[in-house]
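Next come the structures, one after another.
Look at the two complexes coming up: chain A is in both, with chain B in one and chain C in the other.
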Partner chain A sequence: MTTSTTTPAGSAIAPRRRRADDVAGLGTARAGIFVAPALILIGIFLLFPAVWTIWLGMTDYRLTGLQAASPEFVGLDNYAEALTDPSFWNSLWLTLIFVLFSGIIGQTLIGFGLAWAVRNIHGWVKGLIEGLVLAAWVIPASVASFLWLALLDRRSGTVNGLLGTEGTAWLIDHPMESIIIFNIWVGTAFSMQLFSSALSAVPPSQIESAKMVGASGWQQLRDVIVPNIKGHILTNTLLITLWTFNTFTPYLVTAGGPNGKTEILSVYIYETAIPGGQLGLGAAISLIMLLINLVIALGYVRVSKGRKKR
Partner chain B sequence: MTAIPQKVAANATVRHFLARVAFAIVMTIVGLLFALPMVWLVLAPFDATPSLSLSWPDWTLDNFARLAENPYALRSIGNSLLLGIGTMVIVVVLGALAAYAMSRIRIPGRDGILYGLLLLSSIVTGTAAMVPTYQIITQLGLINSYVGVLLVLAGGILPTVIFILKDFMDSIPKSYEESARLYGAGPFRILRDVVAPIARPGLAFISIWTIVQVWGNFLVPFILLRSPDLQPAAVLMYTFYTESGQADLRLISTFALLFSAPVLIIYFIVNRRYGFRFHGGIKS
Partner chain C sequence: MINHGNRRILAALAVATAGALVFAGCSGEAPEASEDTGPVTLTITANSIAGGKNAAEADWIADWVIPEFEAAMEEDGKDVTVEFEPQGVDDENYKTKIALDLQSGEGADIIGMDGIWVGEFAEAGYIKPLAEVGGDAVDAWEGWEQIPEAVQSAVSFDDERYGVPQGADGRVLYFNKDLFEQAGLDADWQPESWEDVLDAARELKQLDGVTPIQLNAGTAMGEATTMQGLLPMLVGTGEQVYEDDKWVGDTDGLNDALDLYKTIYVDEGLGDAVLQQEAAGRDTSFQLFAANQIGILLEGDYFWRSVINPEEGVGTAPMANRDDVVGYTKIPAMEPGSGINGQDFVSMSGGTGRVLNPNSEHPELAWELLAFMNSADAYKARNEGTVAITPRTDVNDEMLAGDPMLTYVSEEVLPITAYRPPLAAYPQVSTALQQATLDVVSGVSVADAASTYADAVKDIVGDDAVSGG
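Here is the complex of A and B:
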């Protein structure tokens, strides 16, 4: 939108400068027309929802009934309701555990471990491992969730067969652990790929000199590898945190149950707003989620800016 | 190494060996964890009597024939294709126009705007914006229609698309456009006949990436579509096995493979050709 408002005032005065800037002869006005449709779409479906959430969160908007036709302004009531509701705090706590174990610890550590394991091998083993992990990431979430439902099935699931734990209902007895493992399975590929490329960029000479002075594998990792890829670790952690925090796919495995034991924030918003019909309250919680996203994203910006400067 | 006393060296070697064995065992377990569900996905559809546990199939192709007779399953794959291609067309056309203009015209703070948009798209995710999106689409009267789903998907994907395409457009030498202009070509013609062919790898990458994104997207069609006959495979697959306790495994396993195979094939072809070139929020 910015483009269409800047008029080509200098066109007559500085024709040479304009030519150098605009070889295609596009002209500012036409450039505005080119940019506008995309920006309008982004404005309506990305920018506006963010702003609209603030307003919606302060109304008693509901899916049905009187408040559906004419929602009333209730100020900060929704926030007060959310912040005093134990189920909101429970959901936030579950989200924290979920992000910590499936994202930050699980995906990052296992992704790094896999990248480390395959860095020096070539041929079909490397191809197979990377291919399997990548396939888990590419497969549609609906399919991935069904694969895990089958694997963890109480009566004939393969996990029970392998572990000799016949009759264990993993999704009911250990629901949080189940969605954590599921999310590690789905998302580890990103960390693996990122660390693979980071590891290949570590100067071999530094590793050689560390070996020369007799550093053990662990010491090499701590003193040579980690300092070299510190920026990648930070970037990876922030992105994984953001994505894990926002994922909705665990819903496909447990639907938030049993008894809300896996009701992470995304599922909680869905349950409150759409089946529960409390759009206003849902919007208030959405805004809290947006703000947390903002904080994580700003952290990411700071890290990536710092890395560029180096 | 010879300077180190023998005993210490031997100890270090043993420890080193044990650490390597432990690491190998852990990684094998992790590898198995990744392999198990995949083996089921590949084998079960070809089994005459698939069960939820892994087993060597009693090979048959009957399940695919049965799937072909199921109108809902096939229609949902068609719906996924329609949503994927529809979003792709919107995103590629609008994204290319915007990226081109942004690449060729100097706007003050342009990079800031682009970066801001990208940031915005990672903050306002489908999950966080679920309520306002649902409400806007309802107000526009677009609930239970593809137009609504397409617009929401395109709006979310466009910032990344513009960001990546601008990179491609920036790398096109301006001298090509200058000479095209000398022959009297207008901006639209230049874009179509000069810029688009050169930016083809970028456009192809974006197209494929968009289709893969939309193909697997569950949440947006799940909250915006109501009728079963409109639902894409991602949503239909979910309803397949929650409706009744009895799951038709012959149908589900075959459907799962048919639904996954296109993105898997596309993805591995692209990955082989272009390698790992993920920018920021490439998958949400």
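Here is the complex of A and C:
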């Protein structure tokens, strides 16, 4: 699987122009020796684990018990089991909700909004706002999750104190909303920074022209800004989607609970493979997750190609 | 098979690397001393940590076992260093850690573990029978005579000893006498049936800011739910989780037990259902009990001697007035005489133990250390700070008299207790049971929860090995 993920991307980027066959004059053998260390490292650290995962995914390997000592080859049984298990589909559904609200809508829109709001501010105010947002990004996830546990605690949480909602168990009553807001808080800085630099690259002459013909703020945004930063929007959305899809941090806040209500795919795999001990099944689901990632990435490549042709 | 092949390759790589490192490190120094005189390093790991979980055990290992054993070895002319690798995490996480350690051929020489993991670890080949690892000295050990068969079986599998048990425990109902008095109840309490317990809880409900009863439920607290919640209730209905080669399925007893959960958490709101779903729910229930906010709590003697122990640095939720305020009483069967063996009262017992790591480089010396940790002197030193029921009858006879609670468990509870089956499938069945309680607590009907559970168990052990519908 991994080989097929790396080669098409490489060949798509490789220049089609003809070059001299051997610029450095090393010859194939010696050139091979030069790249061999890199290839060996790639083989050990990328290729081998990937192939190993595929192999594991086709066994009934477990963390303990008889199947740990002598796992049996079960072919595609794990895939069949995962794809017919309602909790897998529930987990996938939760992941989509999580990605949509915390990643695509939350981080992207709020990030853009913040960048838009501070674009004309200068000096220490801008520095302060950017600094605050960046702080959330810089704080290690484990620390941030403890912070949020303290904020949302049922008995002595800060949020309950501020809102006067003593006794509300946010992580139990509104678990998905909680991790969505948590993830927005953690990740918005990236979008804000990316959009800030994108906005500063929009030619001022175009904005001035738009203003002169009497375009409203909304019209400026729609007709001048967005077309100029389309590439950034696309890149940002792809990265945020993939990151949010794969993130494990919400586990630190809710541990997948209560009763699996925040068991997004990464948490589901962890719960299956490590505490659940079903390493084979976990490996199979990991591969399914990898394939979903591939589909997202390919979709993005498609869209960006189509955009460049126009 | 893949695992073994892979392990061999890894081992070869590790040996090669280690060899190179040792070679590099030793060049120019004196050659290593011979095998007999050391220097040798042994390691012990357990889920205990100074100032945290099971602090008393951690302190005992650091302050007594290590210096005393090193001194004893020195007298024999051996240079032995013992290191302790403390852990202070949830039992489930600890189990995962040691399983991964053992799987990769690593891990401490002596590993503390719950008796119920022994089956699956043995089947995986992670641990081996004690005598196979430690040599002839194991069977010749004087301690076996002092440890009753039933206690030994807690860390045995397929009639083979895999480790040395650390003690016996029992479960009781703890209650807060102050709260009982405030609610107009008799502080000298011995309920005769589930209904008696519910009646007391109903009275306690009138008090402000008090959760009347907390019966462990849900998956967040793992085995604590099964051991300190569902199983004591199940044996109170006369059924066992594993009986006559069959696992309990959708049976009357299970339905009755789940029904009790429904009464407590859903129908009458006598317990805090949200607490049972919180990630740190068990620790929170300890804190709340210590803060006089929980009336009745089902726990093991661990709760008394460790969690709420007022002695400095022992408990994680110490109660200064523990001896005056906290009452304990036997767990009643559903109705008098309805428990297993026609008993009026029931309990569940588990056992922890310590095993030898088959990957140990010095297995015979590791056994010497393990035997040392289980000597009468060692238990006496261990019990100086906090008394626990030890596996050794000689030590128990001498030491338990000083602690009325543990004497109570030893004399009243252990004779009526039941044990979990030492089978590899148990942990998976246990998880399914936890899910069943969680389902009920979060609003699913008892019938649905029981049938979902039965289906899950059939998936694990096969249709033939499940009793009931």
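By definition in this document, the second predicted complex is superposed on the first by the 254 of 310 C-alpha atoms of A that agree within 3 Å, B and C clash if a C-alpha of one lies under 4 Å from a C-alpha of the other, contacts with A are read in each partner's own complex, and residues count from 1 in each chain.
To be clear about the criterion, a residue touches a chain if its C-beta (ideal position, glycine included) is under 8 Å from a C-beta of that chain, and two chains touch if they have at least 3 such contacts.
As the structure is a computational prediction, the values presented were derived from the model and not from experiment.
Colleague: Does the superposition put A:I42 against chain B (first), chain C (second), both, or neither?
Modeller: first
Colleague: May I ask you to decide whether A:Y61 touches chain B, chain C, both, or neither, giving the answer as first, second, both or neither?
Modeller: A:Y61 sits against chain B and chain C alike.
Colleague: Could you look at A:L76 and tell me whether it touches chain B, chain C, both or neither (first, second, both, neither)?
Modeller: neither
Colleague: So, A:I274: does it touch chain B (first), chain C (second), both, or neither?
Modeller: both
Colleague: Counting only touches as set out at the top, which of chain B and chain C does A:L163 meet: first, second, both, neither?
Modeller: So A:L163 meets neither chain B nor chain C here.
Colleague: Taking the superposition as given, does A:I121 touch the first partner, chain B, the second, chain C, both, or neither?
Modeller: After superposing on A, A:I121 lies clear of both chain B and chain C.
Colleague: Touch check for A:I105: first (chain B), second (chain C), both, or neither?
Modeller: neither
Colleague: Touch test for A:L151: chain B only (first), chain C only (second), both, or neither?
Modeller: first
Colleague: Should A:L290 be classified as contacting the first partner (chain B), the second (chain C), both, or neither?
Modeller: A:L290 sits against chain B, while chain C stays out of touch.
Colleague: Just to be sure I follow: which residues of chain A are touched by chain B in one complex and then by chain C in the other one?
Modeller: 61, 255, 274
Colleague: Using the touch definition from the top, list the residues of chain A that touch chain B in their complex.
Modeller: Checking each residue of chain A against chain B gives 2-3, 6, 21-28, 30-32, 34-35, 37-39, 41-42, 44-50, 52-53, 56, 61, 110, 113-114, 117, 129, 131-151, 153, 155-159, 161, 181, 185, 188, 190, 193-194, 196-197, 214, 216-218, 239, 242-243, 246-249, 252, 255, 265-266, 269-270, 273-274, 279, 282-283, 286, 289-290, 293-294, 297, 301.
Colleague: In the complex of these two chains, what residues of chain A are touching chain C?
Modeller: Against chain C, chain A makes touches at 55, 59, 61-66, 68-71, 154, 169, 171-173, 254-255, 257-259, 274-277.
Colleague: List the residues on chain B that touch chain A in their complex, please.
Modeller: 1, 4, 12, 15-16, 19-20, 23-24, 26-27, 30-31, 33-38, 40-41, 51-54, 90, 94-95, 97-98, 100-102, 104-109, 113, 115, 117, 119-136, 151-152, 154-156, 158-159, 162, 174-175, 177-178, 181, 186-187, 190, 212, 215-216, 218-219, 223, 233-235, 237-238, 241-242, 252, 256, 259-260, 263-264, 267-268, 271, 276, 278, 280-281, 283-284
Colleague: Taking the touch rule as given, give the residues of chain C at its contact with chain A in the complex, in rising order.
Modeller: 1-3, 92-93, 96, 99-100, 103, 117, 119-121, 123-126, 218-220, 274, 277-279, 424, 431, 438-439, 442
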